[in-house]
Amino acid sequence: MFGGSSSGAAGSNPASSSSRFSIPAITSSSLSTGNTTSVPSPTAQGSKRQSSYLSSQLNNLALGGGAGAAAITPPLTSIVDRPVNRMRGAEVGMGAWAFLYSAIVAHSQSRVESIVDLEKRLASLGREAGQRIIALQLLRNAQTANLKDPKREHRLIPILQYIHTQIYRYCFGKAADGLEKSVDGDDEYMLTSNQPPLTQHISLPRDLSQLSCEAFTAGLVEGVLDGLEVPARVTAHTVPTDQYPNRTVILIKLDQVVMDREAGLGK
Amino acid sequence: MTVYGVWVINKAGGLIFQRNYGGIKPLTPRSGLLCFLTSVRSLSAHCNEPVTTISDGIAQLSANEYLVMAGTLHGVHAITSRIAPVAKSSGVQIIESESFKMTIHMTLTGIKFVLISSTDMSNAESVLQKVYEAYADAVMKNPFYTLEMPINATGFDARMNAIVAASGT
Amino acid sequence: MTIYALYIYDRHCECIYYHDWHQTRKPQPPRAGGTYRRDVARYDNDGEGDVATEEEVAKRKGTVAGLPFDEQAKLVYGVLLSLRNMVKKLSGRDSEQFTAYRTSSYKFHLYTTPTNFHFIMMSDPLADSLRGVLRQLYVGPFLAYVVRNPLVDWDREGQDGKESREKGVDNDLTSSDTRDR
Amino acid sequence: MSQQAKQYKAIGEDLWKNRTEKVNAELFSFTYGALVVQMIKDYENYVEVNKQLEKMGYNIGTRLIEDFLARTSLPRCVDFRETAEVISKVGFKTFINITPTISFPSATSQQQSPRNEVAGMTGPTEFILTFDENPLAEFAELPLDAMGSKYAKAAEEKKVLNWDQKEIGGQDEGLWFSNVLCGVIRGSLEMLQMQVEATFVSDRLRGDDSTDIHVKLIRIMEEEQPINDE
């Protein structure tokens, strides 16, 4: 999921698509500069508190004595033991989402120079989320359908319709308002939503009028498509109308591989 | 029941939002004759006054004039609490004048929402409550807004127009 | 309806009369050395002299020490002036009259005479407009005992002017008190 | 549960059921997880990530308090105990639909130690929030080197295996995955003139028994505006 092996207690390398995401040490390939100097912990008081905490932890781990760094086995219950569907159907307040996303946009803005880069960062977050969402949905589809022949869409149009309804309803509470093939080419499709809920509170300043914060949704769709073996480049474009000033079109530009496969599969 | 205007004043007394709604026409003095005609209706004596206005509603003033008034209101708000004849008192909540009134809601965080309306506006407090919710949604949740700075979010304007339109009934 | 205080200001922004009733936040005596004439303020006449030290005031039934009187009078006038000007500027009409303001605990009523005397009354927050009462004070006792009294140094209010006016004011107010309650 | 706690519990539940627009919690959790990973890639140091998450939370808190007050119009809290109740039973409930339990560490010590006496404050001046569930971390699992010094040895051994993996700094403190929550608490209370320190003392993601945030009142900031007792 986030790439790299996870080092959970189970030790086994969970199958890439259906495992939870875990935060591996970052593979050296993705980072050019080595930065191994360990930064002195600013909250010295934090680590002091931790050591007092350690002693209590050590006792109940029945490993008493010895410095805090005794070879303790990692956490007893690991993520694999937690029920995957515990949060199914759970909800949080729209306010929580709005403030989180607003902080994400503000934080990303401070780390980029251009609108394109800002959209790229938002899209990359969306892609990470999308990959996990499709993994979870496929798992749940398999669980509900009988496990012997879990049903999964493999043709392009049904996949797009699946995203238009199931995935949009899962993420945004309602299906997309439109799914059309673009006139410009066979390999372009458009998912439109008149009032995208996730960015409803955002007002763009004049100098950022070209930006679309729905880039996150574009990334999410790209992540989902990626999970369904439909590689594509997905971008978000604001196409306002009088009635829907925030109307957004998610433009899906399919990879040639997909077009060839579709042609091969024929009708 | 008409809303003439809305102000939002930040903790330091700075005016961060001001809009007039309905009931006003920006009449600026022009050459002699026209100025005479407009001023006859409002019977204001001298024509060189920066603005003349029709009978109901409030004037359309410059941004700077509103800024100064907001600062005054901020100061007055603090004083009205200090000169109270009883031990505990909030700052001024309603200012009544002959043809309009100002209703002021101050939040626990020190932000003041001011509604300028006709005197017969009975639901002023609930309108200000809706303005506070619109502020929480369209300004606080907007990543491109910096705290304490003037608000120019299209989302907030849209919400305000809707609130004012709905408040007329 | 509870009435807390009556302030009368002359054209020269000076408080020429003050009288308070059952206030739980008592103004202090004016600070020494101030240009303030001491005879202006008359405190709630519950027996003590009109000079009340801080402790005395505080120990009175649940009262809190308020501001020194001269500062209080200055601030009251400041509020009156600011709101009067704001209301005129905001409406764009010089004829616009600021009539009252309200906080969570009191209401401030204003009646300004054509000759720019300001009659101010502080009451409980829910009271109806007391402008009528203030006008009666102006037309009644104020004119009778102050304006028409030859002994009164017109521009400089003397001690005597005040006593006679109080008599009129007291019985006038008590009647308005009872009538409205 | 005290009368006051019951009352706020009812308010929180009513607001959540009737007056809160909702969003998919899993999407929220995946997005937060993606953000933390992105930050680890950006800063390559857990201590720095903890700081950035707290700062981001602070910026959220200073705005979220307005949304909270606009929607609940609750009056000012009388003391810090009531503040804890409101944060847990109304704040957390209406935003992420959980109600962390509250405990008052100093109350257990017989007398209020003068050290944490705060001018003008009666009652406790610190509390601990214990999270049985945490939507932010539902799908998260920390790598060994992010779990703090407790697992330094185990992390060391693992490092020998994947020698090529990037070394992330600040492993001694490790990652406090949900540190944004501490910032939100600090930011929102500061807007109400309460300066507090909010820090994680334990997190189940790091192998601890429970997930606890310790909130300590430092001081009441002077009252700039007139008292607001509508």
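Which chain is which? They are A, B, C and D, in the order written, and residues in each are numbered from 1.
In this section, contacts are C-beta pairs under 8 Å (C-beta built on N, C-alpha and C of every residue); 3 or more make two chains touch, one makes a residue touch a chain.
Note that the coordinates shown come from a computational prediction; the quantities given were computed from them, not determined experimentally.
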| item | value |
| --- | --- |
| Any chain that touches chain D and chain C | B |
| Leader among chain pairs (count of C-beta contacts) | A-D |
| Whole-Å gap between the CA centroids of chain A and chain B | 44 |
| Interchain centroid distance [CA atoms averaged], chain B/chain D, Å | 38 |
| Centroid spacing, where centroids are CA-atom means, of chain A and chain C in whole angstrom | 68 |
| CA centroid of chain A to CA centroid of chain D, Å | 23 |
| Residues of chain A whose C-beta touches two or more other chains | 95, 99, 101-103, 106 |
| Residues of chain C engaged with two or more neighbouring chains | 104-105 |
| Touching two or more other chains - residues of chain B | 80-82, 88-91, 93, 137, 140-141 |
| Chain B to chain A touching residues, read off their complex | 137-138, 140-145, 152-156, 158 |
| For the chain B and chain D complex, residues of the former touching the latter | 11, 77-78, 80-82, 88-91, 93, 106-111, 129, 132-133, 135-137, 140-141, 147 |
| Chain B to chain C touching residues, read off their complex | 42-45, 49, 51-53, 58-59, 61, 65, 69, 72-73, 75-76, 79-100, 102, 116 |
| Contact footprint of chain D on chain A as seen in their complex | 2, 4-8, 20-28, 30-31, 34-39, 41-43, 46-47, 49-51, 53-54, 57, 60, 68-76, 78-79, 86-88, 90-97, 99-104, 106-107, 111, 121, 124-125, 128-129, 132-133, 136, 170-171, 173, 197-198, 216 |
| Footprint of chain B on chain A - complex, ascending | 95, 98-99, 101-103, 105-106, 109, 200-205, 208, 213, 245 |
